[in-house]
Amino acid sequence: MADEQDKEAPARPSRRRFLKGVGIAGAGAALAGRVPDAAQRDGKGAQGAGAQTPAAGTVELALTINGQRRTVTCEPRTTLLNALRNNLEPPLTGPKLVCDMGTCGACTVLLDDKPVYSCLVLAVDAVGRKVTTVEGLGTPERMNAVQAAFVEQDALMCGFCTPGFVTTISAYLKQNPRPTLEEVREACKGNFCRCGTYPRVFAAALAAAQNATRATDD
Amino acid sequence: MKAFEWVSPTSVNDAVKLLRAGATTRDPDEAPRPIAGGQDLLTTMKDYITRPARVVNLKAIRGMDKIEGDARRGLKIGALVTLTQLAEHPTVRRDFPALAEAAHSVATPQIRNLGTVGGNLCQRPRCWYYRLEEAVCLKKGGSECFAATGENKYNAILGGGPSYIVHPSDLAPALVALGASVVVAGAQGARTIPLEKFFTLPSEGSVRRENVLANEDIITEITVPASAFAARSTYLKFKERDSLDFALAAVAAAVELGADKTVKQARVVLGGVAPVPWRVPEAEAALAGKRLDQAALDEAARLALAGAKPLAKNAYKIPLTQALVRRALGKVGGLNS
Amino acid sequence: MQQQTPKKKKIRVPRVVNGQEMMVEIEVDDTGGPAWGPNDAHRLLNHRLPRVDGPAKVSGAARYTHDVRLPGMLYGRVLRAPHAHARVTKIDLAAARKLPGVKAAVEGLKDVRYAGTPVAAVAATTPELAADALRAVVVEYEVLPHVVRAEDAMKPDAPKVFNEGNVKLAGTRGDKERAADAFKTCDAVVEAEYRTPLIHHACLETHGHVVDYRGGDAATVYASTQWTFSIPEDAAPELGLQQSAVTAVVEHMGGGFGSKFGIGVEGQMACQLAKQAQAPVHLMLTRHDEFLLAGNRSGSWQKLKGGATKDGKLVVVEARQYRLGGLGDGSQAGQPYVYSADAIYREISSVHTHEDSSRAMRAPGHPQASFAMESLMDELAYKLNLDPLEFRKKNIKDPAWHRQLERGAKEIGWARRNGVPGGGAGPLKRGLGCAVGVWGGGGSPQCKVDVTLARDGAVTVAVGTQDLGTGTRTYTRAVVAEELGLQVKDVREEIGNSKLGASNPSGGSTTAASLAPAVKHAAYNARTMLAEKVAPLLGVKPEEVVFADGRVTGGGKSLAWAQACAALPPAGLVAHGEWQSQLAGNGVHGAAFAEVEVDVETGHVRPIKLVHVQDVGLPLNRLAVESQINGGMIQSLGMALWEGRVMDAQLGLQLNPGFGDYKLPGALEMPELVPVIDDGDPREVVIGVGEPSLIPTVGALANAVFNASGVRVRELPITPDKILMGLWKGGQAA
């Protein structure tokens, strides 16, 4: 689909840029330096004058998604969520577009292992960072502990909020492997469900923690 | 969201230049905008409340993502420090608890993971009318504040008029209470502005803005001085919905207690009730020299809201905020109330 | 299969028309046929079955309509009118069409009667470009006077929503004079007004479709719908195709709650765009669109007057009930709802405003009526100094409610309740409340199910129905597996496709009671047919063949399942099933209890515990039924404490059309939830359970808030401002 879009005339006369992460940041840096401070002109490899030169129209981005290098053609205004869902081939539609305003959590992905709302991240800002979607956490055949616990505990109904919850909780359990119920609630207060799965989401999170702990203990 | 050009400078100077050079219109909502965490900016852009033709990324600028200092020297907080970083920082939690509590009270973990300290101070109001593109209100260049006579449950009871927004920042009341300043880079270089003078009432500054920043100005750092009251500080936020909400009312309070448990000095700043963080010197003065007993709390709460002028649907904010003032002071004073 | 004598019998079944449920009497064959047997004798059913689509949903692999991606697919958007009442005088799509990436643009409605009316739609190669195109559409409006508040709409000089007037009397019941007389015999009379705002379904997957039409004589429409079979009928005329040439696909759908029947104006426009572009069009509403034009639960304004004697007899109820459904009629159950009174008089009217039409929403009309009536009952009980629970039991006949109230009272610890409302020391006050509800939930004969047994032992059950998240896929498999002595994993289901066997709309909690009997019938027939093939191999009569533990057994011999199926002809066998009236039931009760903690200094309400006791006949899957009950309680909780559309009267616009401002309950709002399946229900039939679990919790919560704080909030949602102002005014809130 990325190719398709290129054939369509972009919004503005296109000055295509190939933005790629140059990996300047040290491991501890939180924000600064994670975005490219240099752009390569038309993908030819020559270092440009830095990203002082504006990127407009369509841009080509090299993103690291679920451990793979993926190329995305989109606009500077394209959110990471839309880029994943619409501009990748094949697309990643696990993260859901629900509110598009950072108020529901269905689009949650991990950016450098931390949960964020991908509807409130520009795709250009994900360059040079590690993006993990629910598809990167497990597959129907090989679910991670949280996914398996969700199925066991019936922590889902329509399932539209589920990828967001799974992603948030999977990240949280890495940070806090033995949470209390209150800590689980606090961790997923940025994810909303309409069917009413919350009590079982909490139960699944606690069960996944227990299962993982048991596995480690054994 | 309107299409824009995205540019990612690596120095503050370049960022300021890019913001200045991109300004081609007089409409402040169309001027170039800096983006850090983007957690508020992108929401206003998606609803076409702001429509910048250029977005200047600040995250490639190095050195603005650190928290330095301690209780003795005070804090220097880079503008790109995330709310998560601030909320989890051991020194901040121990020695500047109001600040850590305020950071933790913001929105959700996802937003705190990207939202920055600078961005939190510069976020735009949440007034229903302001956020609705179709309602061209005073703050969007229209001629009327619809909230004044409309659905104003969440609007200002203090300092309102001609616009009745409330400032949405949680950090702002806490930082004002702790006597913080912001370091701002602009066309004329850097300057330091006490946070108390940073926010502007709709009746003083431009009704289209909430602070003194010119469009090309960038907050680079927040400084919090060492003080005798920072360690005894707290931020209490009341939300209608605990999971995710802005404050219906909030109170940042800090006290320095003498050896006899009397108040040497106090800071009381209200959030969620005025277009700016609302410091109440009358309440602070009344506390001086007193023990924080129930009578003192009641009196401070009364004075804190004495000037309130509620609109048709927000008088409840008076008893609510009074309760928060009592509780915040009770907490920093070691009372249970 | 053996044909029964076609005896006939008359039964009453629910029918859903545009989401509105009504009961109709029909005649069906009295076939005898299969029976479920005792509720406690099942091997899979009435057990806890993890849902079969779980692994796909938790890993992002499940494909919803929103996720459909096709080569050359365009993204559609609708343009919403910014006026509550206007006429489109001119519309110019030329500038939009010229923009990069724009492939189609169509005009929409000209008569704008609510802000958000779609007046145009566009399709472009990316959603970003489609958004640009929307802003390039030039529309001129003649703006007309509007009215968006019921009080205003009832004034004689109000702008007219309909020529015939804004207030329409739907019906009256009872005797006005008799009711007036009856009040004279009462020891206590309460007269009060109760209001509930418009509530949004807030399905996380917005309404929408992907219309795969690239010219030619056939199309596929992917739809987020509660009624797969309504889609071809609705889409075909827009595409200029035969209905049979349009296939609807609904693999997974992200919530409906009553709002997703038929293709809607957004679906019509998606078809028009696809036809114009000759390319697939993905048109899913935005969240803002969804709030404005995808339906709502009608609001209510209920003026009630009730009287009772000091021994706890409800004597009389008088009700003036207004349904606030915008352009629609709205819905509201008649008062005194489930209670009996000697004298009743009620009037039910619709009050129209310039807002989008209400639609069915999970138990349409019931939570509104239950909240008001249960509040009135509570007010009467307190006025008479009676235990609210005992007062209810005295005025309700059905033993099922008595059983459920007693069970719920035990779960919540009713004896602990605050003796004096608002009493006790300190600012944090606990309180308890209760309420009851009623629902139909029966089935009807529309489903046509095929069970296919392949020669290699593969078992497939196929029917066109949709799974809204209720667990349809799972029980469909389980019913077949149970009948054939197999495990859930041994059966594969195919659903969500209009080329498969017919099924009913998922409205009125009728899916399970309509579908499960037909599935059972098909499985029963498959078993019978296989038994006939296998019996000779075992040397027994067909009726002596036993299906259990994945084996087919008889006469001391036993075949593995696959061995048994090898006896089938090369094409295997296909068994058909249709609805069996004896397998479905109708009519459920339900009782809810709530415990809350109210901070009387801030007005904050913290839900502590919710209990809901629900009869369901045969619970097909206990895990899923409990999840449904949890869901009902939580949606009721949202309605009680946070949710509601806010309109600006002057602008005619909704002020909270997003999830930041329309506040759904989240993780921190959750109390302890206790879903109780009422196993005291002896019926061995399937009854739907989606809706009843939503009804009574809202009233139970309002009553718990009163018990805790002493403040009676009569207008939902019960927010801190109302409690604080109520405390200020000494217990009387809005």
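Before moving on, here are some points about what is shown:
In order of appearance the chains are A, B and C, and numbering begins at 1 in each one.
Throughout what follows, a contact is a pair of C-beta atoms (placed from the backbone, for glycine too) under 8 Å apart; a residue touches a chain by one contact, two chains touch by 3 or more.
Everything numeric in this text was worked out from a predicted model, so none of it was measured.
Among all pairs of chains, A-C has the largest number of C-beta pairs in contact. Relative to the centroid of every protein C-alpha atom shown, the closest chain centre, again from C-alpha atoms, is found for C. Taking the mean of the C-alpha atoms as each chain's centre, subunit A and subunit C sit 32 Å apart. Per-chain CA centroids place subunit B at a distance of 42 Å from subunit C.
A separation of 29 Å divides the Cα centre of subunit A from that of subunit B.
Multi-chain contact residues, meaning those touching two or more other chains, occur in subunit C at positions 128, 132, 660, 666-668. Of all residues in subunit A, those that touch two or more other chains are 11, 75, 77, 100-101, 103, 186, 189-190, 192. Residue numbers of subunit B whose C-beta contacts span two or more other chains: 1-3, 242-244.
Interface residues of subunit B, counted against subunit C in their complex, comprise 1-3, 48, 126, 128-129, 131-132, 134-135, 146, 149-151, 153, 238, 240-245, 248, 313-316, 319-320, 323-324, 326-327. Across the interface of their complex, subunit B is touched by residues 82, 115, 128, 131-132, 135, 427, 601-604, 642, 646, 648-651, 653, 655-657, 660-661, 663, 665-669, 719-722, 724-725, 727-728 of subunit C. By the touch criterion given at the top, residues 1-10, 14, 18, 35-36, 38-39, 42-43, 45-46, 54-55, 57, 59-65, 80-82, 84-85, 107-111, 113-114, 116, 242-244 of subunit B touch subunit A in their complex.
Chain contact summary for the complex, subunit A toward subunit C: residues 1, 4-5, 8-11, 74-75, 77-78, 82, 85-87, 90-101, 103-104, 106, 133-135, 137-141, 143, 146-147, 150-152, 154, 156-163, 166, 184-186, 188-202.
Residues 11-12, 29-37, 50-56, 59, 75-77, 79, 100-103, 105, 108, 111, 114-117, 120-122, 124-125, 168, 172, 186-187, 189-190, 192 of subunit A are the ones that touch subunit B when the two sit in their complex.
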